[in-house]
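Order of writing sets the chain letters: A, B, C and D. Residues in each chain are counted from 1.
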Amino acid sequence: MTEYNKLFSNSARESLWKRYIKDIPDDGYFLTLSCILGALYPGSECMVPKVYELFGLNWGTNPKPESGWTCCSGIAYHGDIMPIEGTLLTVARLWSLTQEMGFDAITMSCVTSFGIHCECKDLYEQEPGLKEKIDRLLKQSCGREFEIPKHILHISDVYYRYRNQLRDNFMKYQLIEKKTGRPLNVVDHVGCHYSKLFPEEHSLGGSEYCEVLSGMGAAWGGKEIDYPERRHCCGMGFRQCMISPNRGATMASVHKKMKSMDSFQPDLIITNCPGCQVFLDKEQWAIYEITGEKYFIPVVTYQELAGLLLGWDPYRTVGIQFHAVPVEPLLDKIGIPYDDSESWLGVADRQIY
Amino acid sequence: MKNFDLKNQAFPGQNETAVNYSSKFRNNNKDTKNRPPWFQRDFNLSKRDGEKIREHLDNLTNDEIMGLYYEMREVKEKWDKGYYYPNIQILFGTPFEREKDRREQQIWSEKYGQENEIVEWYKEAKERSCVWWLENHIIARHALSASGCMSCGACTALCPAAEFFDYNPRIIMETVQEKNEDEIIQLLKLDTIWYCFQCGSCKPKCPRGNNPFGMISSLRQLSQIKGYHVYSVRGRQQYAARHLWGGNLWNRAFTLYFRDIAVETHRDFGPRHEISFNHKEEYFRRVGASPDMDGSLSSRKVHPKTLYEVRRLWEAGGALYLWKLIEDAAKKQADELDITIDEYHDKVKTEG
Amino acid sequence: MANKENKKGDTTADLDYGWRFQGRPVLLHDDSSTIVDESSHLMQTALTQMSKEYFYVERCIQCGMCTETCPNTMLNMNGRFSPREFIQKLRLGLLDFSGEDLWFCTNCGGCTTVCPYEIPFIDVMIDLRNLVIEQGAGYLPPSMKSALASVANYQNPWMEDPDKRGDWIKKLNIPLLAKNNTNGVLLFAGCFPSYDERGKKIAQAAAQLLNKAGVEFDILAENEACCGDAVLRAGDYNTFEQVKKFNIESFKEREIKKIYTLSPHCFDVMKKHYFENNDDTFSVASFILLLHEIVTKHRLKINKTINKIVTFHDPCFLSKHNNIIEEPREILKCLPGIELREMEHSGAKSICCGGGGSGIWLDRKKGERLAEVRLEEALQTKADVLVTACPLCLSMLEDSARGDSRFERIEIMDICELVLKGV
Amino acid sequence: MRVLIVGGGITGLRAALALSELDIETIIVEKSSEIGGKVIEYDKIFPDFRSGKKLVANLIESVGSMSNITVIKNSTVTDARKNNKIHIVSLSNNRVIEVDAIILACGFDVFDATRQPEYGYSVYPNVITSVELERFLDKEGPTKGNLIRSSDSKVAKRIAIIFCVGSRNAKLGNPYCSRICCSYSTKQAIEIRENDEEASVTCFYMDIRTYGRGFEEMYQYAQEIGVKYIRGRVSECSVLSNGDIQVRAENTLLGKPVQGIFDLVSLSVGMMPCADAGELAEIFGIERDNNGFFVSKDEDLFPHDTSKEGIFLAGSITGLKPIRDCLLDAASVGGRVAFYVKNLHKSG
């Protein structure tokens, strides 16, 4: 194997991704969360407010208890049971909530959602008269008004914006192997709907050398890995993964990525897309069972990674017990203490088993 | 603007006392077997059960079924500084909930759906030709640029579906731009369009700025509007999708409910998933989420008023009409196969 | 590399967490994309060296005219065979010899007639088949295998007794040419007319016609061997050389200069491969030409009128390969009462019956037979009789027509039989 | 009688030659330090594989031998005025010259391959552009004609050539076809095969547009010596851990996705109007089309004339041309300009 930095010029990559910069405001974020992440890795999302509080940011979720944020219906749209108008309206309502709270940036932790928001924005720009139509319908059905928000941000953008402050002021650990001092090999998997739908307008670093995750990885001490299938879909594919008989293709896609990244000896995979997080993590089990190939590369969301490096409790706060592939080996490498007897305690640490 | 207290998830000024309900539901997914079949979620209903369910549900009036549903759903108990709604997880995804959705959505579209312009448009589209759709549907129009497709194959090159299935977005774009009605109808009846992952890898690669995956999403809509999706195994699955995502949206304002990922259908998720599944609420609550609870973070119970708002929007957005079409197509096919709609639901959810 | 562990060794593996759906294990889909790499490059080079025709293929500009004309594309075989794709694969070294690809082609010659770059597709195909047969590098249909073996040992594809080859002429007592007389013509019957019950009728009709026309002729009988056309086109060069040698010797022995063959296939192969390099002691021609001569020159008394609508199926080896298109039609015109109707594809554009290029030795499923396409076209002309001038075409067409109610009302005949009716 | 030629490439030089043969004094303004333009880099030029260097050398030599041709290097046009019929042009090094006519022959610039990041040019050292490949193939070049890849300095045996990089791409604003890439890439493929029997060359093309005399024959020859052509636009190059480049495309003629592993990938970059075309258009007030090429008064009848009297166009600035056509263009502009200038002096 030839020397890695002979295969891949990081400086050139720098100059490439710098062509796709997006403007990330300091605060004033309206927070919406993800269906998938919320159903499988609740820790990730519950840590977002905590991180915001660290910086004392101005942010909010529900203007009123009885009128809060909801799903953007993006999965339903890509799962083809929601007409585009329905999605436009759902998103319009979220935007109107944002304005009701006086924010001009809406942030979401779901990449599908991010894609949908951008899609809607794009449609309004391309389609004359659409805005008026949706305005009318929104007014009729729930008496709201909305404007197209100034910023559509994925929460990973926000984390990226604060990555250095996090490291310098709060982080206890770095992505460095404790024993050897070697920087860990970080594989970033950016959600397709983050980087590919609108690379010029909305993605930080474009679709090819997307910066949002590898930037965090680098800032927190890791070493970026560029492998052949880097930009490829995890195979979540909405109807492919959620309707069980179709899931073979999802596994196959994950398998393909795993095979491809394996020769670069990755230590962990960072994701910013709930779907990718779920299937890159979980399907490694299926692959192990079917082919006997035991990759078991820990897959963590950027929120979880931040949480771990901030020294928050792996089980009580970060929730690594929800991972199919054990994250503990990664903790050992970094040197984060944990007590795995605490993994399956209930509320207020009550013993369940 | 002030947020309400995130740590203590109960709403401000919320003082109704909770019924003192036993906590057994909080880890109750064991005893589903003891419930009547219309509260069961497991696959492959035996014929007898299927008919029993129908018999029972058909005899309920709208008021009965919805009354019971909401009575059950609003039952709450105080738990860990908040209010927990134990019955949501009993109701979700059951034949009972599906039946209630059918009737409720019917009522909604009758009540609010008068001269709904979106629905009118889709009704027209149902009558018009497929070519008309391609020229008028907003997504289709933006998906294929005026200069058309030059068949360079950049989209297929990276397409994850093309690697694993007999599927080729370039050829679909070709078919579409030929605008041959019969060929398009042929396409809509096949599994082909349902293979797409909707990942969008094709979009940034197209030198003409076309959007193949958008076009396919539009074709899928069309296939359902015209009722062609039931001709193919993968298309048929939309009925299950409509109740999975549609049901979750309609009742919980999420496309995915945290108890959806049943162990028996997700064996590939590994041992930890099975462990965590039994007491999911406990574990979720521990890391700060609000499973089936009032609140504002992950997997919370959405406030009824919020739910009402978004339901109105989906009605106005034509979702109810689309769901009705899927429902009717499914019913028709179920009758042809001489099985109940519940059995049909499990059939399409498990075949393929 | 991912460490492939023995699952027993792993504690978690005692429980089976493998994803089963509906009880059956789900397999990973495999990547269907074609890999262009070292191996394909090597295969390509190998082919270049092995096949002398190969470099013609490099001219191909993938225009697709061949596929447009190829009769196989008229069958609903969900595009399993397309000459254009075949060449593309061949050129990229992606050809799959283990598949049926090689054996679809019936050598009808449609592609070579339309190709703007004159790529000898058939020769390429034969060369590749030769690779399979001689190097054993790929799939050889079993029926084909046995037929080839039989030709090698019994000089006919059905393991019939070589000595019984001349029997067909015995029962009709027609005087044959005296053994020392070399002035007449030699009738080369070929395998199918010599052995097959239906085939014999053709041979007998032909013999009677010659007799009535007062043409003195002789046959080789047991000294005749399979002409080797199908053997050659199956790529079995050795066996071909063997039968060729045998036939040429018997010709030399019998010393009759004028050879007429009943089957266009025999004619084509002899013309192009028997006497290609030699002195013109022997002249080979198709029997149709002789028949044309005696009919048009009125050496036959044709008095009975046959009130029938007929349509003519051009054998590829007459029409496409040797441009004999008008003669049979002129013969038909000489028959009183006959109305000739042309099918959608006729003459040089005729569709193959599927028997050529040793296709006769393959058993194709119903619905995958070219003959059926042909019969359909014949039906559309509302003809009572489907006339052809090639034993192979006859057998292919009849086999497909047999037991199919649609084709009951159409009668299939060799042109000799039809003419005989008129005499 | 004096004519200014902007651009000292083959077009400019040939035009100067044509004019000086008609006893018209010419001044060539070249912005770089050497005349001869881009062709002087090329070892072999298509379709007849003669040496581009020699060709330019001859041209320069004969230009040098002409007493009435002046060459001003390292200098650009900064401003131009017109004083009845006389053009007064000021150059960057504060020189002001008065001429009767001006020929714009500032040629083209090569597309910047990093604008298509999916091909990983500049990020993966084993992905090069056709310009670099031309240097590799040069027997007197840095590698003496061997394809030595920079990651591990091993000799490349499996080469992929990707066509239409920066051409026929509406997204990048280059919807036009650069016209000569198909031919020069085919030429390079032939050179590679002829230099090294074992080398395999795979070309990924969208359409083969070898339109000139002898070009199609060259394509035929390339196919006959075993250059592989796959019809399909490459959508991504990525690097394997041993430095090989994985290329993904669809073989649209088989309707199947294709994956190839190659030692070296060459991007056949397209061409664009020269960088300072906009500037010049400003200075001389001449229209350009959407793609930035100069528009002449009548594309068919008077291809060299512009809307401004006494200003003429030649070479690639009116649209990309192979070397032959550029020289042809230069010769004909010479005639046209000579006619104009002579008339000018007859009348006034």
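Everything below uses one rule, namely that a residue touches a chain if its C-beta (ideal position, glycine included) is under 8 Å from a C-beta of that chain, and two chains touch if they have at least 3 such contacts.
Just so it is clear, the structure is predicted and the values come from calculations on it, not from any experiment.
**Student:** Compare the CA centroid of chain A with every other chain's and tell me the farthest one.
**Tutor:** Result for the farthest chain: C.
**Student:** Looking at every pair of chains, which two share the most C-beta contact pairs?
**Tutor:** The chain pair sharing the largest number of C-beta contacts is A-B.
**Student:** Report, in whole Å, the distance between the mean C-alpha point of chain B and the mean C-alpha point of chain D.
**Tutor:** The computed centroid separation for chain B versus chain D comes out at 57 Å.
**Student:** Between chain A and chain B, tell me the centre distance in angstrom, where each centre is the average of that chain's C-alpha atoms.
**Tutor:** Chain centroid spacing, chain A to chain B, equals 23 Å.
**Student:** Let me have the rounded angstrom distance from the C-alpha centre of chain A over to the C-alpha centre of chain D, please.
**Tutor:** 46
**Student:** Which chain A residues reach two or more other chains?
**Tutor:** 207, 231, 244-245, 247, 249, 251-252, 256, 263, 285-286, 289
**Student:** What residues in chain C touch two or more of the other chains?
**Tutor:** Those would be 17-19, 21-22, 26, 29-33.
**Student:** Give me the residue numbers in chain B that touch at least two other chains, ranges are fine.
**Tutor:** Only 158, 162-165, 265-266, 268, 270-271, 350 qualify.
**Student:** With chains as vertices and touches as edges, which is it: line, ring, star, complete or other?
**Tutor:** complete
**Student:** Using the touch definition from the top, list the residues of chain A that touch chain C in their complex.
**Tutor:** Within the complex, chain A touches chain C at residues 244-245, 247-249, 251-252, 255-256, 258, 262-263, 285-287, 289-295.
**Student:** Going by the contact rule set out above, which residues of chain C touch chain A in the complex?
**Tutor:** For chain C paired with chain A, touching residues are 1-5, 7, 16-19, 21-22, 25-31.
**Student:** Which chain D residues qualify as touching chain C in the complex?
**Tutor:** Per the touch definition, chain D meets chain C at residues 158, 200, 202, 220, 223-224, 226, 228, 230-231, 248, 251, 253-254, 256-261.
**Student:** Applying the document's contact rule, which stretches of chain A touch chain D when the two form their complex?
**Tutor:** Where chain A meets chain D, its residues are 1-2, 4, 6-9, 12-13, 15-16, 206-209, 226-231, 263-264.
**Student:** Could you please specify the touching residues of chain C with respect to chain D in the complex?
**Tutor:** 31-38, 41, 44-45, 48, 55, 58-60, 62, 84-85, 88-89, 91-92, 94
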